[in-house]
Amino acid sequence: MTELGIGIVGGGYMGKAHAVAMSSVGAVFNTKLRPRLEMVAAGSVESAQRYRKAFGFARAAESWQQLVQDPKVEAIVIASPQETHRAIAEAAFELGKPVLCEKPLGASIKDARAMVAAAEKAGVVNMVGFNYIRTPASQFARQLLSEGTIGDVTYFRGEMTEDFLADPALPFNWRCEGLANGNMGDLAPHPINAALALMGPVARVMADIETVHSERSGQAVTNDDHSQLMLRFESGVMGHLYSSRIATGRKMGYAYEIHGTKGHIRFDQEDQNALWLYLAEGPEAQRGFRKILTGPAHPDFEPFCQGPGHGTGYQDQIIIEARDFLQAIETGTAVWPTFRDGLAVSEVIEAAWESTVTNSWVDVATH
Amino acid sequence: MTELGIGIVGGGYMGKAHAVAMSSVGAVFNTKLRPRLEMVAAGSVESAQRYRKAFGFARAAESWQQLVQDPKVEAIVIASPQETHRAIAEAAFELGKPVLCEKPLGASIKDARAMVAAAEKAGVVNMVGFNYIRTPASQFARQLLSEGTIGDVTYFRGEMTEDFLADPALPFNWRCEGLANGNMGDLAPHPINAALALMGPVARVMADIETVHSERSGQAVTNDDHSQLMLRFESGVMGHLYSSRIATGRKMGYAYEIHGTKGHIRFDQEDQNALWLYLAEGPEAQRGFRKILTGPAHPDFEPFCQGPGHGTGYQDQIIIEARDFLQAIETGTAVWPTFRDGLAVSEVIEAAWESTVTNSWVDVATH
Amino acid sequence: MTELGIGIVGGGYMGKAHAVAMSSVGAVFNTKLRPRLEMVAAGSVESAQRYRKAFGFARAAESWQQLVQDPKVEAIVIASPQETHRAIAEAAFELGKPVLCEKPLGASIKDARAMVAAAEKAGVVNMVGFNYIRTPASQFARQLLSEGTIGDVTYFRGEMTEDFLADPALPFNWRCEGLANGNMGDLAPHPINAALALMGPVARVMADIETVHSERSGQAVTNDDHSQLMLRFESGVMGHLYSSRIATGRKMGYAYEIHGTKGHIRFDQEDQNALWLYLAEGPEAQRGFRKILTGPAHPDFEPFCQGPGHGTGYQDQIIIEARDFLQAIETGTAVWPTFRDGLAVSEVIEAAWESTVTNSWVDVATH
Amino acid sequence: MTELGIGIVGGGYMGKAHAVAMSSVGAVFNTKLRPRLEMVAAGSVESAQRYRKAFGFARAAESWQQLVQDPKVEAIVIASPQETHRAIAEAAFELGKPVLCEKPLGASIKDARAMVAAAEKAGVVNMVGFNYIRTPASQFARQLLSEGTIGDVTYFRGEMTEDFLADPALPFNWRCEGLANGNMGDLAPHPINAALALMGPVARVMADIETVHSERSGQAVTNDDHSQLMLRFESGVMGHLYSSRIATGRKMGYAYEIHGTKGHIRFDQEDQNALWLYLAEGPEAQRGFRKILTGPAHPDFEPFCQGPGHGTGYQDQIIIEARDFLQAIETGTAVWPTFRDGLAVSEVIEAAWESTVTNSWVDVATH
């Protein structure tokens, strides 16, 4: 068991989640590497100090630059806004320090490409924070697919629906400007990552992207509210993705359904401890979608609880992610999703935007 | 109360459903016109005789022609294969007899157009059998929309998923050939009709249509298995439709979700007595999707049962349809969906097919 | 195919349901005996005339006595209040006419016993209207149990919950007086019948019965609002029954769960087309409750629709009941539940009442 | 912010849960007192050493006695078998150290009484580990009840159903002997605690308790498999509790339904992030049970995640529990459920056992 000094950039929504995860991952997974909350950086020194006390870091940094360079900071988690991802990652790689970067990989595809180049040049552990795919249920879905349990897949539908901007009367805020903060920048990466994880590479897309509420507080909203993508995977399978920040009533609509020749899988993160599975086997009269409750029989569940059906939550995904990051550092092995995998997500997004210009199908490979 | 002699062409799946409906509609709805099962026609005289006995018709016809011409047959229900719809309808209109024709309106858009022309020339009652939209739940959804309960609609997703051809080992049958018998011909009309009923006219579509299992019993399958359509309604709202006959596990997946600025409606025909409604009102902590069970407070429920939650079924939709047909005849008023409404469905399908050729958005108006 | 003249006493909630059922049962089930709506009787001649027209009876009776005696009335359905059941049934049996009597079997256990005696003396078909157990789903549950699919049963929980008197402000009405109209008289018979049908005879009971809202419109409510029964079946299995007319939010809570050593069955009539089945077989990771949608693979579904998941409704149960009644008449065979089966329900109720006096377990056999 | 040395007795299922909770509670809730994993004790020195390393304790104790007496251990969590609870708690109170003891409070009611006496004599913080009631959803249910949202409560039904001993072929193990390890000793306390928390004190009970599988591996099972309790609360309200370790298919069936004059609450821990609420208000046609997803609007959710619907899990309840324990220590205020509250649970159990002897209702107050 060796300690590992962790530096986290950002102490907001995700910064806190990573701090908590780093506090408990050792006890949960009995990891070889034991993270030590060494340093936190934030938008201001004051807030960094506040985070230090609240989350139990040893020190607060004056800037992310200081944090990255601090010799006791041995691994870095980037949980600051998308615009900052690239510079922080590049600086860390420069010093050969492993990075876990929150999704999306930078604020643009240009950022994403530069970040992949930096990571691969440095040859150190690099990972993107697509946490949802790490629930026991979604890991189990991947396992079922790879074992062919539902036969040949014939259709995939994914979505990521929330409603935090559904009310047209909500005032203008930072989320209303900057492509990286719009639906395509902020929400779509999750279901696209899910699609890639579950189905493999996307061959081509055709998209419709829309800003429904184009004005808030008298100010023009300059990014999109929701979008749909028709797609074909490289396997030939047909797919559809919908993401939205205006889906009134939906709070955590990270959901998918996968049709196969022998079965059907359905999942909705709003009930993250259940995976629905239909199998076209056994007597016709006894067939039906089964609500499988996650338990010790499913990936990464038992360390959280020995009892099936007792349930894991949002924070637990981040703990699993932390475990994977630590393991990658310990073993020196790349862990999915790497920056390159993060770039693949950005490429689908890029192709989708292009298709709204050409009004036709766009090959992802060319992006 | 006056009797009305009914002639039904076809005694299979839908022929029986209409015969049963005509037997009970009077008692259920206390209709002014009381249908009398006068005559049934089928593919052979033998089967027509069998249907006569089973369903209680007074007489069996030797052919649909005989049925249409019989003076005691005052109204006609067409429940035979799509290829036969047009000729029967034209003959009936020639004689000024009202027609309730099963969906889709003929085997092609050419048929559909001819049938609309014949119907409008004759000026008699003409109606297409889109039954699903007639459940108390879906009627209530339409009512909620028209009253603005969920505010301005921002997204519509519809589907029609079944699995009767999901198993690739199923042998070739008549459903595997002829565009009218494929997914686009047979299944897609239902959700398209739902979309039109709930959302109004479709402005443009972009489709992906696929034959997944291209061979059965060594024979080439010449129509499609499933399809997805991105669409924009004339209102500007974004939409998506998926229909499939290979959706393993789905039995009656006539389903839709409608997002609005103030609420959200969801429905799935597999639980046809529930409508899910989210309202963005009241204390945040008490908001959630409500599972509303249909009851006497909803359209056309009470005649079937005084008790809420006691449920209506498939057959009851056909009874509601029969009531509407009788009422149209009695009052001489057109009843939705008329043949023209059926043609609107065919036009969306036509535009979808075209978009698969041009690989771009296609305006429906030009079809 | 032979016609059978039907006389129905009562044209309210259930009288209408039986009239509609008799109108369509022939077409649905291709029955040998074809019911003819011969005569209807009601509380007044005027209402009988109104029902005649609405439901399509040939004639209206001046009294139930006239109806029973009419030579063209060959079989009788009793759908009038509990107080009238006994006299009508006795008169019908006197003339050797078959009777389908709505639940419960008379207004008291004394009535029930007399009715069984009369029925058995006459030796004609006698049947009680416990319709809910006739859904395809509940018939399938019985089949699963008899085939041992869930192993040895270890626990049964049943309920019948509605909320028609949940609001304490609702004014006094006829339902608020007379034991036969209270929860134990009116609602409890359904789940008790379900328990007997699914689990076999009840050995002993221990009950708690309560009038929660003891006054309405200033008048004393003289019957019960809800009740719970602990019970042991003759098989030794433990059970629980709850019934209530004040269960706010529950509309048709005819529900049960049955635990077995190898599986588990759950059902709720509010989603009457689904049966939930858990099987302790196959890989642990793939186990879960399956939502089985009723379809042609289940009892008595196909005559209503060839499509699985398309759903039957309340009215369809009454049609199945009518089929069974006709078949019993045709074949001269007793059909479950006979009056004797109805009496078994009354005996459990009687034992339950007694246990509230003795405050201890009461053997049903002694009642 | 002050550190607090924590000693945990036991490192199994619950010992680990508490160790993880103590690792993260500070970061999650920004607590004033910051727990330090000081010492762990277990059944053997080897296992204590193993737990020390795995969970990150500073030291392993040679015995629980050593742990209790260690001056750096300032607060104690008891997570060892029921038989050990009493001695450990008494030793801790002797030294004036606060105790969080896992449910149930000792192995017998005698133990429970002694533990309450010791705790109250010492006058230090004492708390029992009823974690389930601490989910955001169940806390919210309590809030709704206390605010009268569903009006006057008329019925309560609770259950705790699992299936870890459902298979009769499972071999004999320690759970099969000793009343404290049976269903009444191990499972029933949870729903009884829920009933007390949600509904207030129980006035009287009438129970049926059964050992269904009386032999395993040829050895006699000497404790119970499942049980049901009819009860009346001091408020007069009727209730029912069922608990079982043989409920095939149920994994975490901590569930309850509460009927009120104005609404209805339902909860099932298998979907712990949803609370179902029916309100008898607004238009009849729009009423239905709402599935409320927990979020920042509900108690203790936000510290885990800012996003509604993102979900908490089993481990998070233990973190909330740890926060409450720390707060009690910091403020010197008793925190529900104290040992006395734990004793109230044991008294209901005692009364239930007695009722199976007397076969009649038993007043809880006399226990």
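Quick notes on this one:
Every chain is named by a letter (A, B, C and D) in the order it is written, and numbering of its residues begins at 1.
As a working rule, contacts are C-beta pairs under 8 Å (C-beta built on N, C-alpha and C of every residue); 3 or more make two chains touch, one makes a residue touch a chain.
Chain-to-protein mapping (UniProt): A, B, C, D = Glucose-6-phosphate 3-dehydrogenase.
Predicted, not measured: the structure shown is a model, and the values here were computed from it.
Using the mean of the Cα atoms as each chain's centre, the chain most removed from chain C is A. For the pairs A-B and A-D, the larger set of C-beta contacts lies at A-D.
Work out the mean CA point of chain A and of chain C, and you get 54 Å between them. With centres taken as mean Cα positions, chain B sits 41 Å from chain A. The centroid of the Cα atoms in chain A and the matching centroid in chain D are 34 Å apart. Multi-chain contact residues of chain A (touching two or more other chains): 250, 274, 287, 289, 293, 295. On the chain C side of its complex with chain A, the touching residues are 140, 149, 274, 276-277, 279, 283-293, 295, 297-298.
Chain B makes touch with chain C in their complex at residues 1, 13, 16-17, 19-20, 23-24, 26-28, 30, 34, 53-56, 162, 250-253, 269-274, 293, 295, 304-316. By the touch criterion given at the top, residues 150-151, 154-155, 157, 163, 166-168, 206, 208, 210, 212, 225-226, 228, 230, 232, 238, 240, 242, 244, 246-250, 259-264, 278, 280, 287, 289, 359-361 of chain D touch chain C in their complex.
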